[in-house]
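Each of the next two complexes has chain A plus one other chain: chain B in the first, chain C in the second.
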Partner chain A sequence: MLRDFLRAALTIAGKDLRAELRSRELLGLMALFALLAILVFSVALELDRPGRQDAVSGVLWVTLLFASILGHNRSVALEREHGGFDALLLAPVARGAIFLGKLLANALFTLIIALLLLPLLTILYNLPDFPPALLLIVPPGCLGLAAIGTLLAAMTMQTRARDSLLPVLLLPVALPLLFAVLRASNAALGNLPQAELQTWISLLLLIDAIYLAAGFLLFEYVLES
Partner chain B sequence: MHEHAEVLVDVKGLVKLQGRLPVLRGLDLQLQRGAFVALLGPNGSGKSTLLRLLAGLSRPDAGSIYIGGWKLPDELVAVRPHIGYLGHETLLHAHLSALENLRFCARLYSLHEPEPRIHNLLQRVGLDRRAQEPVRHFSRGMQQRLAIARALLIDPPLLLLDEPFDGLDSDGRDSLQGLLQSGRERSVLMATHRHALAEGLADRALILRQGVVAEDLSLADVPPGTLAARQAALTGPV
Partner chain C sequence: MNQAIEVCALPAERQPRALRLLNVLTLLALPVGLYVALVHAGTDTSQGQVQRLFYLHMPAFFGAALAFGGALLASIGYLYKRETCYDSFAVAGVEVGLTLALVNLVSGSIWARPIWNTWWTWDPRLTSAAVMCLTYAAWLVLRNGIENAQQRRRMASVYAILAFVTVILTLIIIRIRPDTIHPAVIGPSAANAQGSFELAATPGVSTALLVNFPIWSLLLPLTLLWHRYRLQLRVEVLEQRKALVLNAPLRPRRGDS
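Here is the complex of A and B:
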């Protein structure tokens, strides 16, 4: 049973990755947006050197949040094309497996963008050196964004105003996650006491667990309604 | 599926609303195992809505649907592996090749050793030489051919087809007719506006009007070439 569930989820994630490798539509769009966003932040905030180091965590996560919204919207558009999502719904696979498959692909796409941004931010925002502790925060942060984004994208998929509705729904729901990743990243960057790092990472993992549980529980209801 | 059930699809009092407007208004339908039934009727008579309900892609507002003895939507999980569906959209993934689309479908349905069947179907729909090309490079007709192969890949006991001949050239139409006639043990419900094809393939025709079955015809009793006129007499010009 669990094996079938995981097999179906990996099949769906693999399909999304293969399609993206071929088209590069989603990653290209997200990467371009993220690059432009950090450049705009860099110019608009007019920060001095210490100010830049203080702002880097906020710039990273706000950029990733908006890039992930863009990615989810595009992912939904691609899946709606030719009724591809109906094909998933017709298949004899658990709805939770569809959620997990889409989530894994979305999380990986967001993580790739985050890993592209980190060295750029290190240079543009004058970080003395790259803090390795950020690598403990970025994967669960991307997972949380993908979990809530995947659920809400499925919810808004059938609505006419889906492109604008997704950010309106996602931003308030993502606030607890944003708060935890910002505090954890600031601790990793030395803007908060190092002792707080573990606390914020623990909270981040707890929020991830809540989002994932909500996704698994609600995904079928969202699809059926 | 439950082998004892002679009636494969049993629908009673089916109601479906679009907003506040009823699309189906208490529709009754029985489909025998192995029967080929054409669904006819003007636009908006409820053909596509009925097929989506039977495929489990939509929920009824009232009435009951039983397929192979299983109640929908409560027992949809049990029914899904037994239904092949082709709707207005092709259900294909544009960035995958024809071969990858069918392999993806085979994995989702956990088909055992699907490769020979995949290659056989690609050959029968005339896409064996284009199997490696992404679907987005295909014409509408080629996509429709692949969509037909996709619906048939799982060899379903119940096949639901919504205008399957749309976009097909004469070769494509011949291929599809051949494929549908070669699986006569399968039950087929096919919505179409092509009366001549319906007469050639189906045993029965149901004419829908305003969300109910207005006439249930055995095609053995209908003189060839008169089906369109029978529909026109009930629903207006076709």
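Here is the complex of A and C:
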């Protein structure tokens, strides 16, 4: 039972990855957007050199947040255009497995963008050295973003406003997560006392667990017809 | 998609006795509460007149939490039972809750101006309360954005369940974040809370709170919820009748044939 569930989820995630490998539509879009966002932030903070260094974690996560919104919108739009969701709903798999599959693929996309951004930010924003603790924060952060984004994108897909509604629904709900990752990243970057790092990472994991549980329970109702 | 949805029965024209009782009680209690808060209670020695806002500020938040809690339960109920009236109650809960939450935010802001010397600060408590308001505002946008009635109710229910997390967060954040400057009324305040006051220090303060708390956190929200719920039931019936008329086959006009 559990094995079937996991296999279905992995199959769906694999399908998304394969489609992405062949079309390279999503990652290219997200990466380009992320680069432009970094550029815009850098211009916006131009006159404030020390401020720019302090703002690195903010720039990183706000960029990732918006890039992931872009990715989620595109991902559900692709499914809708090709009737993918109808096919998924017809398939004899649990709705939770669909959620988990889409979530894994989305989390991986966001993570790839994050890993691309980290060295770039280190160079462009003149960080003295790259803090390895960030690597502990980025994966759970991306997972949380993907969990809440996958649920809400499946919801906004069915509304009249479609793409434009996702940020409005996602941003307030994602704020606790953003808050925790920002604090944790700032601790990792040395802007906050090192002792806080563990507190914020555990809070981050707790928020991830809440988002995942909510997604599992509610996805069924979002994708019904 | 089956369009033949049964809508809950149209509420009776005449308000039920309990609601009429609530109307009278609320209308009587509001001026009494205001009198006790504005006249009867002693002026706070350190904060002065502006402290009187507090009798409205904290109870309004609990009223909002009550209404949002009602919306949460109604949304869970809708997902289980799929009856329209649950969704109607959720609408009432969110709208009443949002109104009271705005009363809470605005009164707090006015109080903060002389006490904290700023209208607004990004304190954890204030931030989470603002996030709560924005989440429920997003709920309203979401609800307006879906045309299919059943789909709209389903999505709104899902989002209302998610949104309640922000209410819990606002309730507990004052205990888990020691760096807040917002004073706690029940239990000890954070060490750097600015502008807290002793309930026992000034005569009449605890009486004013005891009188106003049930008014703003129970009586007023319940009355508003009930009225809004009845209104929403009517809206649903109206929508359904409209759909029936619009979908009815066209009959030839008299004299046309």
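Quick note on the criterion: the second predicted complex is superposed on the first by the 221 of 225 C-alpha atoms of A that agree within 3 Å, B and C clash if a C-alpha of one lies under 4 Å from a C-alpha of the other, contacts with A are read in each partner's own complex, and residues count from 1 in each chain.
To be clear about the criterion, a residue touches a chain if its C-beta (ideal position, glycine included) is under 8 Å from a C-beta of that chain, and two chains touch if they have at least 3 such contacts.
Because the structure is a prediction, the values reported are computed rather than measured.
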First, second, both or neither for A:A146, with chain B first and chain C second: neither
Which superposed partner A:A214 touches (first chain B, second chain C, both, neither): second
Touching partner for A:A161 - first (chain B), second (chain C), both, neither: second
Which superposed partner A:A180 touches (first chain B, second chain C, both, neither): neither
First, second, both or neither for A:E224, with chain B first and chain C second: both
Touching partner for A:L169 - first (chain B), second (chain C), both, neither: second
Which of chain B and chain C A:H82 touches, first, second, both or neither: first
Partner chain(s) touched by A:D4 [first = chain B, second = chain C, both, neither]: first
Overlapping contact positions on chain A, where the chain C interface meets the chain B interface: 224
Sites on chain A touched by chain B in the complex: 4, 7-8, 11-12, 15, 18-20, 22-23, 78, 81-84, 86-93, 224
Sites on chain B touched by chain A in the complex: 55-57, 59, 73, 77, 80-81, 83, 85, 87-96, 100, 104-105, 107-110, 134-135, 143, 150
Touching residues (chain side chain C, partner chain A) in the complex: 1, 79, 131, 134-135, 138, 141-142, 145-147, 150-151, 154-155, 157-159, 161-163, 165-166, 169
Residue ranges of chain A touching chain C (in the complex, touch as defined): 151-152, 155-156, 158-161, 165, 168-169, 171-173, 175-176, 210, 214, 218, 221-222, 224-225
